[in-house]
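Multiple structures follow.
Two complexes, one shared chain (chain A), two partners (chain B, chain C).
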Partner chain A sequence: MTFEPEFSASLSRDGDVLSLRLTGELDLATVPELEAALPRPAAGEVLVIDLRNLSFIDSTGIHVLMGLDVSAREQGWSFALVRPGPDVQRVLDLCHVGDRVRFVDRPTDASPALG
Partner chain B sequence: MEGLAHTDEDAPVATDQESRRLEAVRRYAVLDTPEDGAFDRITALAARHFGVPIAIVSIVDTDRIWFKSHHGIDVREVGRDPGLCASAIMQHEPWVVEDAATDPRTLANPLVAGELGLRFYAGVPLTTHDGFNLGTLCVIDQAPRELSDDETATLSDMAAIVMDELELRLASRRIVHQEQHLRDLAEETARSLQESLLPPRLPEIPGAEVAALYVPSTSGEVGGDFYDVFEVGADAWALVIGDVSGKGAKAAAVTALARHTIRTGLLATSDPSAVLATLNRAMFLGLQGARPRHFCTALVVVLRPAARGFALTVAAAGHPPAIVMRADGTAGELSVAGGPPVGWHADARFASADAELRSGEGLLLYTDGLSEARTAGALVGVEGVLEVLGGRDAGERAPQLAERLTRWLAAGGVDVRDDAAALVITAGERAAPA
Partner chain C sequence: MSAERLKGSWPAEPASVGEARAAVAGFASAVGIGPDGLMAITLAVSEAVTNAVVQAYVDDARPGQVHVTAEREPGGLRIAVADQGCGLRPRTDSPGSGLGLPLVAQMTERFHVERGDEGGTTLHMRFPLGQPFRRPAG
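Let's turn to the complex of A and B:
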């Protein structure tokens, strides 16, 4: 049977902070939707991905987040994640994402002044 | 002027020219295909335009004339002998018989003299781009009539439309064939590539049994999963499982790099974390410019015989922990410190941890394709894998466990979306090393 995953990504901007809120399951099937929704931040801007409503992430999803960290460092913008629930956090911890990427509690906490 | 009686001039002569023409007929693969709107519209249009009852798109085969479209006549083919189309294809000009009953070329023809009473025939050859006449577009009447130069030109244009349609179909058939060929080639390449990423057979580890399984993803692309089992020195063995991000040939090349770097690395040091650090540098430096960036998760276990089974040194790079199957039938994750996936950043640090695999216990190394399979849309999860492996009886060894997993994956309703790989090892009773 085919399973239609529930996933959505919605982008908002507040000054220099671009915030992309993810809802549902991020996996092999929905990663293309995330990639299509990703903005291209300019140098000095902040991209914060809000994972609070994400119920699941697989390795392909983590790879996108890792790729964003690489791009941010190469292109001079900053990247942060809004802390997810425990299930998604467990997968991020497995990949030691916290060693490399800043976690915040709310998108507004990610403004450059506070970073 | 060719022979007077049509039967003389269009008898199928086995000349070179005719056999090449027949090859062309085969090439267009139109004989005995179903009736079809595109050609029926042209014959209907021709009949209406010329005010005749019958219009036909014919293809001249070895010994018959087959009608791709037959407007106004309920016949799908006639013998080649009496067929006027067979005469029409012998030249490159429209072939017009204004009154067949008086025309010396046709007056003896059974279609003219017989029941059908054909009197008027005008056929234009359907000429391929390389000059072969496949058949005709013809219009037929039971009364004699004339055909003006303008009308002849119109019939020729309609025949050209028929031929354009045939050429288009041939071209799209060719493209479909070429695509199929390319797909077959790509699949063949993918298969050999995949085989080269997995060891052809697993070595024997004294005092243990090892089994592996690999399930390709439903997409058919080469996945990035790999596993390996090899000796790393006197009485020491390595079990490796890994997953490179991405799919296809590029991911396969990175997979080969990862597998061989780990193999070579473990010849120099038996510390799995040091090998992961080496692989990280190799991938980070070697693939810096690559887009998209490839990452690799891996779990490396070095086994050495110990008093009651094996001593393990384990290091992970962003990889799901191994699952231990205890002698009492329970199963749980073997949590170890590790590090991030390799290839992400240059200053990544990796840690190794010690563990043990006692006689009667088993260990499962797997890629997340296994835990992220779905049944009826719901994620299997680590819990699902633990459930499949739980309740193991002490006599069940690696091959049976791998088979149990394979059966479970093959069972209806389990959807493996990503490729999945697993290695199982069970420790038997063995004499303590000297």
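Let's turn to the complex of A and C:
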């Protein structure tokens, strides 16, 4: 039996807010799927990664999220995360992701006017 | 697999990270580890197997194997992740940005890295049974 970790990424747009909803487990095997699904926000736009349906993350996934924060600062767009469930939030807290990245409750909360 | 011991081997490739994680989660759950402990164990195993996949066989044309053993012992769970590769070496292109081993340290009661006499690396980890895991400070 071949094991395939469940993961999907679904992109939607609402005005200047690009929302990428992640589902499943994010690790070394599925990070390439996330990277392939990432949009290229223009300056002034917002990219929000919705983590509410993410069930697992490890350092490889966090590395990608922190790289997006760096890209946002360099390229003039905004970056935010929709708060995940407690297990994933715990890993993000251990890595102090909240020190650099803004957390919101819903993708619409990441609107530039509210940022 | 006996109820008190899990032993498995996987090719050192990305898909094996989730496979090993799922196998250890199933074993840990079967021996009575609760949700909080399961989260810590699956994260630490994920980091350890990822390390082996990314680091161990960089000099080899074909990936070797990653071996995972988990054993119930008094008051805890002992897990070892082993490879026969080139050992832990600094890499500037690591996909985990150096977060992996610190996360293992946070998730375990104790851990140590062993270098084999004939090459290879084993990461030994011990997890407590029935105790809350550390939360981030601050």
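Simple rule for what comes next: the second predicted complex is superposed on the first by the 113 of 115 C-alpha atoms of A that agree within 3 Å, B and C clash if a C-alpha of one lies under 4 Å from a C-alpha of the other, contacts with A are read in each partner's own complex, and residues count from 1 in each chain.
Simple rule for what comes next: a residue touches a chain if its C-beta (ideal position, glycine included) is under 8 Å from a C-beta of that chain, and two chains touch if they have at least 3 such contacts.
Not measured: the values here are computed from a predicted model.
Superposition of the two structures on chain A shows chain C clashing with chain B. In the superposition on chain A, A:Arg106 makes contact with neither chain B nor chain C. Once chain A of one complex is fitted onto chain A of the other, the partner contacts of A:Arg40 are absent, as it touches neither chain B nor chain C. When the shared chain is aligned, chain B and chain C each come close enough to touch A:Asp27. Once the two complexes are laid over each other on the shared chain, residue contacts for A:Arg13 go to neither chain B nor chain C.
In the superposition on chain A, A:Val70 makes contact with chain B only, while chain C stays out of contact range. Within the superposed three-chain model, A:Leu94 lies in touch with chain B and with chain C [touch as defined at top]. Steric collision with chain C, judged by C-alpha atoms after aligning on chain A, is confined to one stretch of chain B among 44-52, 206-214 or 260-268, namely 206-214.
Common to the chain B and chain C contact sets on chain A are residues 3, 27-29, 56, 58-60, 62-63, 66, 94-96. Remark: chain B residues 243, 245-246, 292-293, 295, 297, 316, 318-321, 338-341, 344-345, 348, 368, 372, 374, 376-377, 379, 413, 415, 417-418 touch chain A in the complex.
By the touch criterion stated above, chain C contacts chain A in their complex at residues 14-15, 17-19, 21-22, 39, 42-43, 46-47, 50, 53-54, 95-97, 99-100, 103, 106, 135-136. Residues of chain A touching chain C in their complex: 2-5, 25, 27-31, 56, 58-60, 62-63, 66, 87, 90-91, 93-96. Contact residues on chain A toward chain B in their complex (touch as defined above): 1, 3, 27-29, 56, 58-60, 62-63, 66-67, 69-70, 94-97, 99-100.
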